[in-house]
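What follows is a pair of complexes built around chain A, which joins chain B in one and chain C in the other.
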Partner chain A sequence: MQILRVVLWLTIFSTSAFAWEGLDYYMYFGTTDEGITAAWSPGDGAQKYQIRGYHKEHKVYVDFGITENCEYTVVLPRSGHYIFEVRSLKQVGTGGITYAMSEWVQSIDPSVSTVDGNHRGWWVYGCVAPPGNLFF
Partner chain B sequence: MSKLQSMVLRFPESSSLDAVGYTLYIEPEGVEVTHNSPGYDLVNFVTVDNIVETDLSGIDGISTMDGVYNIGVATIDDAGNESSLSTMDSVPLDFVAPNPPGPLSIG
Partner chain C sequence: MGVWLPPVIYFFKESMKKLVLIIVLIVALNSFAFAEFVVTLEWSPNTETDLAGYKVFVHVETQNYNYTTPAWQGTETTCQVTVPTTDNYYFVARAFDTEGFESLNSNEVIFYGKPTAPGNLRIIN
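Up next, the complex of A and B:
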């Protein structure tokens, strides 16, 4: 499995808003058989992080998972354009399953996302995976 | 009516969950095969143990070819997107039957 590393810099409880359509995004390309790793900086008080993707063509959210780490490797379930989103979770009470959650931060928001260390929004395009080597 | 020899092309299927088919592209030897090359949808393929098999002699347009070719196969997903090509160069194809023998006689 090939790893394509991208970085999402997370600002916990971010309240920023942007007119994203007018900005210059960076596009990462992968395929649906690759692992794509997103990373982010820790959020204050965060115990876990939830990751999801927004599939632009189908206009649906895809739940990628929850991790205690500050990075997560995703295999895209289908081809298309994805916006990555992350939010922080902190357990409240003693029930064990109740969390306080930050807002989602989005990879297309240049105030919280970076490309090569510079603030810039990004997408991931997942190309359909090619077949294997041909033989007769 | 001539009878063509079968020639079965095989490849591991795409790992994409939304893959629905494959397209074969073909060019004469010496010409790079690309998505702009003449293409043929593989409609009669079977998948056995994750290996896709298709008989090239059954594809209209290919079943009259005789020569050496470069071929490539792309995965198609349910949105019509195509993958990059898995390619094989210098493939000899001969689907042109020889002329029949002359008139039969009993001497």
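Up next, the complex of A and C:
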């Protein structure tokens, strides 16, 4: 009975950080040798934006960078599915932890992400770039 | 089993332990210090002759003012309050007299500690 209870508990509460299973995300395709540019509308009080990607297969975050603009071009470091995330930064100091930060916005969240102007979650699949300069 | 060390090396080892501890403390304190805002507030002075001072209260968006624990209390008409960088903060001031009577709240000011999140995340190219 105790085991059954544990199995039931695990079944009910075994949710992952991202609930991508079974949801209709738009998938952009790219290769690891070309840039893909994400854009966003500015956050109030934001001075900079931090961009990162969540690599689904490896379950790791990849820091893409920080920019003062509302768009950023990323060259995917390896093949796989990426969820893009961005957050606002506001400088508050001159050393150590220097930024106040907003929450992360995720590209799979249709309330904050759009595809062709419509609210829809999306992610990016990066294929391995083909070799170039093939010759005899 | 202890290992005999020449006194100079033993002293050096013990000093290094203390030095490392001090460095860790300094780094930790600096990290916390830079994760905070120092907010400076000013207000117009009261004219009552029996005025005893002022209290400043603060709360974050998800909470209410706790009037039993002011963030600052004193007789000046300016103060500095240190808050973490993780939220937005609401401030009011109250005056109190020598008999302990407290005024109503001043106007409320909001300090936006953190920026709002961006929106409309999309791929453009």
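The rule is simple: the second predicted complex is superposed on the first by the 108 of 136 C-alpha atoms of A that agree within 3 Å, B and C clash if a C-alpha of one lies under 4 Å from a C-alpha of the other, contacts with A are read in each partner's own complex, and residues count from 1 in each chain.
Here, contacts are C-beta pairs under 8 Å (C-beta built on N, C-alpha and C of every residue); 3 or more make two chains touch, one makes a residue touch a chain.
Everything numeric here is computed off the predicted structure, so don't read it as measured data.
When both complexes are superposed on chain A, chain B and chain C fit side by side without a clash. By the touch criterion stated above, A:Glu57 is placed in contact with chain B alone, chain C being left untouched.
Looking at the shared chain after the overlay, A:Glu103 reaches chain C, while chain B stays out of its contact range.
Residue contacts after overlaying the shared chain place A:Arg87 against chain C, while chain B stays out of touching range. Of the two partner chains placed around the shared chain by superposition, chain B is the only one that A:Ala129 touches, whereas chain C remains out of contact.
In the superposition on chain A, A:Thr31 makes contact with chain B only, while chain C stays out of contact range.
Looking at the shared chain after the overlay, A:Arg78 reaches chain B, while chain C stays out of its contact range.
Residue contacts after overlaying the shared chain place A:Ala39 against chain C, while chain B stays out of touching range.
Residue by residue along chain A, chain B and chain C are tallied for touches, and C comes out ahead.
Put simply, the nearest alpha carbons of chain B and chain C end up 20 Å apart when the two models share chain A.
Note for the complex: chain B touches chain A at residues 7-19, 22, 52, 71, 73-77, 79, 81-88, 91.
Residues 28, 35-47, 49, 70-71, 73, 84, 86-90, 92-107, 112-115, 122, 124 of chain A are the ones touching chain C in the complex. For chain C in complex with chain A, the residues that touch the partner chain are 30-31, 33-37, 85-86, 112-125.
Remark: chain A residues 31-33, 57, 77-80, 127-136 touch chain B in the complex.
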